[in-house]
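Lettered A, B, C and D in written order, each chain numbered from 1.
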């Protein structure tokens, strides 16, 4: 099948996640990137477009102009990737949804709750679809864990422990570290570790457990002088099924690169997964020798198999998991059917509400906050 | 040097920790077990004494009688191991201390704070010494971590994460599981997971960080129908140096055998240690490749070397760590000098206060409790 | 830059490595697959082409016809991927090289030494280039190891230990397992485990050590009734620097998926790498705590950095390593300059000679065979 | 039961393995060390005896005198530990066996085949028993592996891979390193790595597989200037069941401390064990998720349970495994019954023949040597 035509907003020179989205869009051949507003700086936008081989006529200075122009073309894009700093996600996504173009948006969905609600309204009235890239849900062994939990393999959930530890902000970063600068500016990011990685942990917790948060308490803190956003978050979540989840998200935990782990304990068994070695899942039943389920191995079930490209022992990584979200988005756009595990506006709202509640709880010394 | 004469109270047939203490006392040849009140049941006491080769004339039915009789003998014991259920630690230890006999006592020191304070008073006026067997402090790599932290190797402590996870109480145990029965009876244990393993986690946190708790909040919970003690504890501790420590202690976390881990994060580096693979310590400095320091290896310092018996790569385990506490107790009794890392009444009091504060905090829905 | 136009021979429905090559070619956007002779069966060729979105006019039944037709087009392919069973590599590669089209060929280069020498001659007189996809050389940590060895980080090489263990042929495979069938037919494969994975181990040994084989002895064996190729190979190699390398390649080693490991020991240090967890490299210097060098981490050098796409802790896997060979081939075709680590005819010849020598040695009961 | 009275020859100040034997003898309380000829230097013998609390009247200068004197005492030793350099094992063991005293002897049994055969004759006519301390056979997970193999859990054995890697002799050791000096002197050791650790690997291979060697070929080499014994050995063994075993034993493999691993592959499954993390055994059945069997865990069988002291997750190590051999020797002496897994003269002969055959094979450029 011919690839779908894709645009991108953000992701110009010096950015990180834009390149990731481009590789993810390309890997399975489902999308062809043909248009972009890669930077708000016109010069940089042009140079960035040239770098990645975009036709100059489809390199735009302004995302609103791009949305209109592409919607008007007979060969216009059917979807756009939004990979800017967080505070721009909402306006950009709305512009494209209003133009009937589907949106594939990085997380968190928006920087504020007001933006999230506005975007949700725009999505409801659009012919386009909204996809949120909590990319860790694309890992086959995460799918495997979700499937096993839903099938009762661990019994009743007793607790979920999700840690997301990094150390790249353990000290004040260089001024020219573009990635760091916008993340450390609350006006652009809407939050620190809690928004950047805490939302991933929250999303993954819900995704694997099949439950949502009904309340939480949080302690956000900062460990580096002069920092105005949190760099470390501890959150206790009440899950809809009655159990508790605990999240620790930190960007100052020295010795950790991108150490996202999830452990889910039930009344009969537990599952452990680690993002840095993502092709295996530890399954321990009470009174049994723990088993190592591998991606592509004979113990992996249909949910994992559906998103497995290559045989067991040939490691798939971060880009493959990310690409799975793109391929599933393409399939959903083509077929106008979204699978149950596809992440959209609801998960985006959940994530922004999570950040907002954590910030309110922490401001009130860890008070309990109910969630809708 | 001739071994010191040792007695034991508790540790009869069907017990677990008594046998551990006996092997620990023997391993380095520092003690010779010659007397015991191994059970409160006279028949069982006698049979247990015969099992382990005690002279029948020094097998006692009653610990008070034993304390007096041994104190009166010219060849009487100089120390006694107390390995009964928790609620008996206090009275037994007092009886021997009052008789001038040193006490090597399992943890927690007592089942109640009142007992702990009474015992502390007895210890102050005794010629004997009191030793508390938080045995995990005997591991060479724990000593190494403590030494490195004290020397500034990780910079200022940012947080300590100590998890102690087991699963042997994930369901209601058999009636004839003696170990389980007294632990699940609050009158005998004084608490559930918080007392049994939470105190180890608390002690280890303080031991490695070189700090003590100034306050805490705790959530204790129970996951098995009909259980009247906690089986899962989550505690946040304020450390005297200003950082926070987080403890998760659980006896229902399926897939964990005796999974005690400690991670300590500082402004410059972190250290990770795991009890189930105890001969290595991961040391990660910011911006450096993490290093694996091994017991007996060239990167281990004097504190670890002092308690290392055999070369690197020849694993020492749980019994060796336990034996180190015995050997150090023997040395302290002989020389009347205790090293800074030796655990006694103060650590025992700290532990019982920790349990008490956790229980009060949890009863008040996680309220903050200051510690003296 | 616009992607180069690529063709493919082989890789139709039911094949494995064809899909891998296509993903690898796409990931970095360096190639655009526009033509193919995906199967020697015309019906299957057509259906396979439709599956992957090839224009029907550029789906060919015959590779010779394809080579001529594409060479004649103004918009013809500049390179072709050869992903057929081994015995066809030589004729196909020659056809395209003779047409001036570069070849990216799966390993082993050919099924026989005669084919290899014929192909080498064809390559010498072609304007096209020949690239061999020993894909494991594309892993950043393999590049790191090679760089460190060349810089003397381990001192003089004492030995190299390369094991490549799988278990997918531990029993007789199903008749409809296309992958297995041609590999188990010596006429198509030219050898069993020795050709399929032993050549990878041999290549990796040489790539990392910077040395070549001057002689070897081998024992090839078969563990499954009725099998006419080897499924397990043990080889001792004399390296040009004076040290020995040992290879164990097996496809019947139950419990291994694609477990390729390399350890290289020198007079000062050693390096260990494992393909199934490929983002780390263990570096142990004599008398020092071993260090874990990570892809993207601060201890990784320029050779690894040059082929690293995403930050440390975000695992790159098999497809990324494979894609690196494609991206480097594209760069070499564009610039007409090949980097020192690029694999071509020489490495292909070395590999086929290795297989041939192993087979001769084994037939002579493990006799020593000198290599040119 | 009262401990048996034990003597020791060798193990004076500066020795390593003597202290290990003493701890092993003490741990389970089965032996009481009461006599010794700890050094051939009278001064050192006396000082060493005092160090470990031996009665001066039972500290001997000469092992022959000791054997006679102890045999004559009503309270004389019933067994003696022989922990000298290898070339003295034979004469000492014979002296005690001739005096009717059982011998617990370190490995290899003797330094030469002639000594071994002489000792075997002495043992046949003695009332004492001979025990050989290939201590790695005492690990519970090694017993588990042996039991599983014997019960058919892995099917027919296809191969055994046993590696024993150290690096403590990677360079010329200090002159005052007593351990190194005698091992590097062929007159005292009878061989280098092949005798010191290769015999362990050979013994473990046979112990777990339940088979013996019917032939072998070996390459012994030396990597350090001036060294007159081998420091690296590669051996291929034909096992009595028809499979091959491969041994790599090295004392110059930098980055390895005491890295003994065994993998045994069968037609149905494989088992992997590593001495440096000895409390687990990996069991992988074809087409199943690999399982981790733990010491003390519910998947461990009776053979492991019989030699397990403490619960799962409380690691037992090297000394515990060693102590198991002592405890089983005590039991055998008391009951006059030896279990099938007890190691004695036959295993000692096998080991010395193994070393001898390796040396002959290597001297003949790797020629095949048949074993009786």
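Heads up, the rule we're going with is that a contact is a pair of C-beta atoms (placed from the backbone, for glycine too) under 8 Å apart; a residue touches a chain by one contact, two chains touch by 3 or more.
Remember, predicted model here, so these are calculated numbers, not experimental data.
**Q** Counting C-beta pairs in contact, which comes out ahead: A-C or A-B?
**A** A-C
**Q** Taking the mean of the CA coordinates per chain, how far is chain A from chain C in Å?
**A** 34
**Q** Just how far, in Å, is the C-alpha centre of chain B from the one of chain A?
**A** Centre-to-centre distance between chain A and chain B: 44 Å.
**Q** Using the touch definition from the top, which residues of chain D touch two or more other chains?
**A** Only 256, 290, 294, 297 qualify.
**Q** Viewed as a graph of touching chains, is the assembly arranged as a line, ring, star, complete set, or other?
**A** complete
**Q** Under the touch definition given earlier, write down the residues of chain C that touch chain A in their complex.
**A** Touching chain A from chain C are residues 1-3, 16, 19-20, 22-23, 26-29, 52-53, 166, 168, 256-259, 275-279, 294, 296-297, 309-320.
**Q** Quick check on the complex: what are the chain A residues that touch chain D?
**A** For chain A paired with chain D, touching residues are 283, 287-294, 297-299.
**Q** Touching chain D in the complex: which residues of chain C?
**A** Going through chain C, the ones touching chain D are 154, 158-159, 161, 167, 170-171, 219, 223, 232, 234, 236, 246, 248, 252-256, 265-270, 272, 282, 284-286, 290.
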